[in-house]
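Chain IDs A, B, C and D follow the sequence of writing; residue 1 opens each chain.
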């Protein structure tokens, strides 16, 4: 029934990848939390502009949750481009058109690849050496973030072994000291900054996300700086009414951005459907060579995302998107 | 069941996969294209108690069809009436635990041992073409008990060794290679389905086991850069039925996948099927 | 910004505990899941008697969630005693009076200790060698279950190092291959059986738990055999109405037991308060030498937990417990 | 603030801890007895924006007081109006991440380096007395930035070396001992509070820094099996106030803890406090 612990004094490293990876430093992360994360219930509501200005630095490792078409934090995402952030390193799990937008805009120079939409702008950047890719996979990336969200230096995983990606990553294959079997471990990921779009948040950052997601909660806990945009700013009394509905606790959040229709042209499930026209437009732009034109039409001319919604989309279309979302059950607390 | 009179290559492949779907089994569908449509087709026509899970952790949804364009995950219609909502990590973790019977994937390139490339054609780091990476396929291929690959029957897609293993098959094909790489014991590729053919592994090496009526074994092998084994008896697959196509076209693959060509068109000339 | 992976071929084991631990076998667990867990939507509703008879064997490693006073799975727990299960090995995180009940009833012979109420019956069993304790702590135990629930052989943790418990456990202190710093790893725990009390479940096992808990979801995923008792059996249509409220998915569950007031004399938050009289009675029994008398009064004379509720507690008291629970918000989907 | 005229040993200790509670800090309270009451007392009287977390993962509740008997966790009144509900793992993980400023614990035995024993008195495995184990205290003591221990001022509780380290203090007291054992950098014991005295660490070694007015330093040292360091100036602590006791008795420690003796009674005789 029981196993005696092995008396071996060593664990063998059977194989290891040679890829660079974002530094693993759980104690450093803890010190950052202690110094910079506000455990007081003090308001942290601000504009997307202020949030990006204060909390996103050139060279940061960035994770954004979901993608440009599905509950993406698009208001904050546009602001990254507007403020011309440089050399971002992207956690590329479940990304889609967004990587091409960031790369073509000159914002991103590295990506940890789970998946991105292979687009001319990305290919060009790769060929010209303006973009470096490190190889993982979707779940390996979200598990790396999970490890970061648990305050650990690494996590064992049951996939990724045997792939070529492994050899170009930070993973190691070790001999499990409990079973003797080979097992892959991957370095924890603590991004410098996470941007996340929630359905609701209070002014302190207590946030509710309804429906499915990729790694929203993990990203919020794993990241040094966390910007949450929200469809609705709700009263803290409403948060306290149903604490089981809180996805992200306030102390992990640095900035709250009020951002109705903040996932346009994508959907915010339960609140509004996507704008199919807007979706096709960004898709066509990315798959063609239309990113600069797209950004010149949808991002750069506007002071704010709200201005874009008002001037470029219009209330009628927004109303239609909201009316189009007939499935509401499960998207409230 | 009514034999259909006109359909596309891609429709053929999806119908073949649909017929593999079993009641009481779980299917982890990669992304939201042909793998998802195939599983849903099978569930709706043949195996109502087959259950599927998506990369965003949705367990056993009854989606409101058709999907909105490109909205096959996260969106409310896609996750509708699920038994549980989750995350990418919950899906991955349930797969690590052995809860996923089948993984269904499409792939750019597959080799004799079922390894999948969706990352790079050519010498990695050199010239060649970069693709989007494994996405969820790595974990699906590693952790589901059996995987079903969907791909096109093209020479460049069936190779001796993939240029880059994005998602693991039987690796070098030796017994225990997956386990030595840290992957869960007893898992691996199970079927490859193309618009022309179906393959299994005998063992750990790709083997042609069935063909559609309108192509010969030689035609199939001509579209394999590296020749697979061939079963002693190559079965003939049934063509799509009108019922399958009706459902595919009206509820599932309504607009076709933006990034996924439909392939050639096959028609019934009164006596036989002809490929355009 | 980036670290080069170390080229070392070995990870040093700096120290390791000598305690026996439940065997670590993630691949064996996977095979068990494949063979025995029902992925079909087939009903698995049964009585507590049948569930315990079919799914609890002598010698099993058992985890039960919460404890006898707080949303404990008491109907199923009583059945363990009624069926005189033997040699159970208990995951003792956040336990309370329950360990003394199981030990004095002769059901348990091993405990992995996070915390249990130190009671005469337990002390006696220890002195007489009828009970063996292995040393962990509450969070270390729930993290071991978390590791089991992720299908992993072990998990790094940030506590437990330096304790005497470590030396009497299955933990190891290793040199983290990413930072070079010492880090503790603990063996994953995949219990043979978990018993969990939920607020609601459908006949397939999709279960909803409201409020806080210890490691309900983790225990359900980590355990080979899972018995869920529920206050209410709800229609699967109701589960599908709000998939975000599902705590445990059906395929992890082997038996569903309809068990209204199944946490008596404890509380099931949002549904009923505790019976303070019943709580004091079990507490006094355990802290004195009254366990046999307690079991003879509350457990053994009855065919079922429902019979006990009807004959020993009475509807009036149950109604009062329900009326007493005025805080309902957050305890529904 | 009104100086109180009669109170128990335990009430003294809780009031002292309450006065250490700071606004804008997080407190992880072990279990539901004196640590929880102390933090709540401090929050309600002195530091309304101090937040606490419980072992079942409740973040910043506003409990409906008084608690029902023994129902200080999981129960609806205890978790009422929280900002988030969680689990034991969520609490533990947030602590691993460094989100918990202070841990508040009670303990059976403490040694010169702040190590805590709640497992065994005597030689482990031999004769002696078994206790309930660390519970959540191990992770609280390991991962919170600072810990505050509450215990009684009794000889057998202040020892040179605990018989069993259930929860870590500064271990052997050498610099870096915690880090060498895998614990997070820069954490450790901060204060020990008894009904008679308060201690800090100078550094990594227990030091008496304050006393209540009704006992002398010598009396305190007489109740330490192993003598702590003594600060050059030992401060005199303020006795409990009526406001503190009112709140403790009507809303917090209403019935007293079943397993936790109240200790002696201290009364004001018109000129000074007298211990019964």
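To be clear about the criterion, contacts are C-beta pairs under 8 Å (C-beta built on N, C-alpha and C of every residue); 3 or more make two chains touch, one makes a residue touch a chain.
As the structure is a computational prediction, the values presented were derived from the model and not from experiment.
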| item | value |
| --- | --- |
| CA centroid of subunit A to CA centroid of subunit B, Å | 28 |
| Rounded Å distance between subunit A and subunit D, as computed from the means of their C-alpha atoms | 40 |
| Mean-CA-position distance for subunit D and subunit B (Å) | 59 |
| Subunit C residues counted as touching two or more neighbouring chains | 26-27, 151-152, 157-158, 181, 183, 211, 241, 243-244, 330 |
| Per-residue multi-chain contacts in subunit B, two or more chains | 58, 79, 85, 96, 184 |
| Topology of the chain contact graph, where touching chains are joined (line, ring, star, complete, other) | other |
| Set of all touching chain pairs, with the criterion as stated earlier | A-B, A-C, A-D, B-C, C-D |
| List of subunit C residues in touch with subunit A within their complex | 1-13, 16-27, 59, 151-158, 170, 172, 174, 176-179, 181, 183, 185, 187-188, 210-211, 241-245, 329-330 |
| Subunit D-touching residues of subunit C, taken from the complex the two chains share | 66, 69-71, 92-94, 113-118, 122-123, 126, 133, 135, 137-140, 142-143, 146, 157-165, 168, 173, 181-184, 211-218, 267, 269-270, 273-274, 276, 279-280, 283, 325, 327, 330-331 |
| List of subunit B residues in touch with subunit C within their complex | 23-26, 49, 51, 58-62, 79, 81-85, 93-94, 96-99, 101, 145, 184-186 |
| Complex interface listing, subunit A residues touching subunit D | 26-27, 29-34, 37-42, 149-152, 204, 206, 221, 236, 239-241, 243-244, 246, 249-252 |
| Interfacial residue positions of subunit B with respect to subunit A in the complex | 54-58, 64, 68-71, 73-77, 79-80, 85-89, 91-92, 95-96, 119, 124, 129-139, 141-143, 164-168, 171, 177-184, 258 |
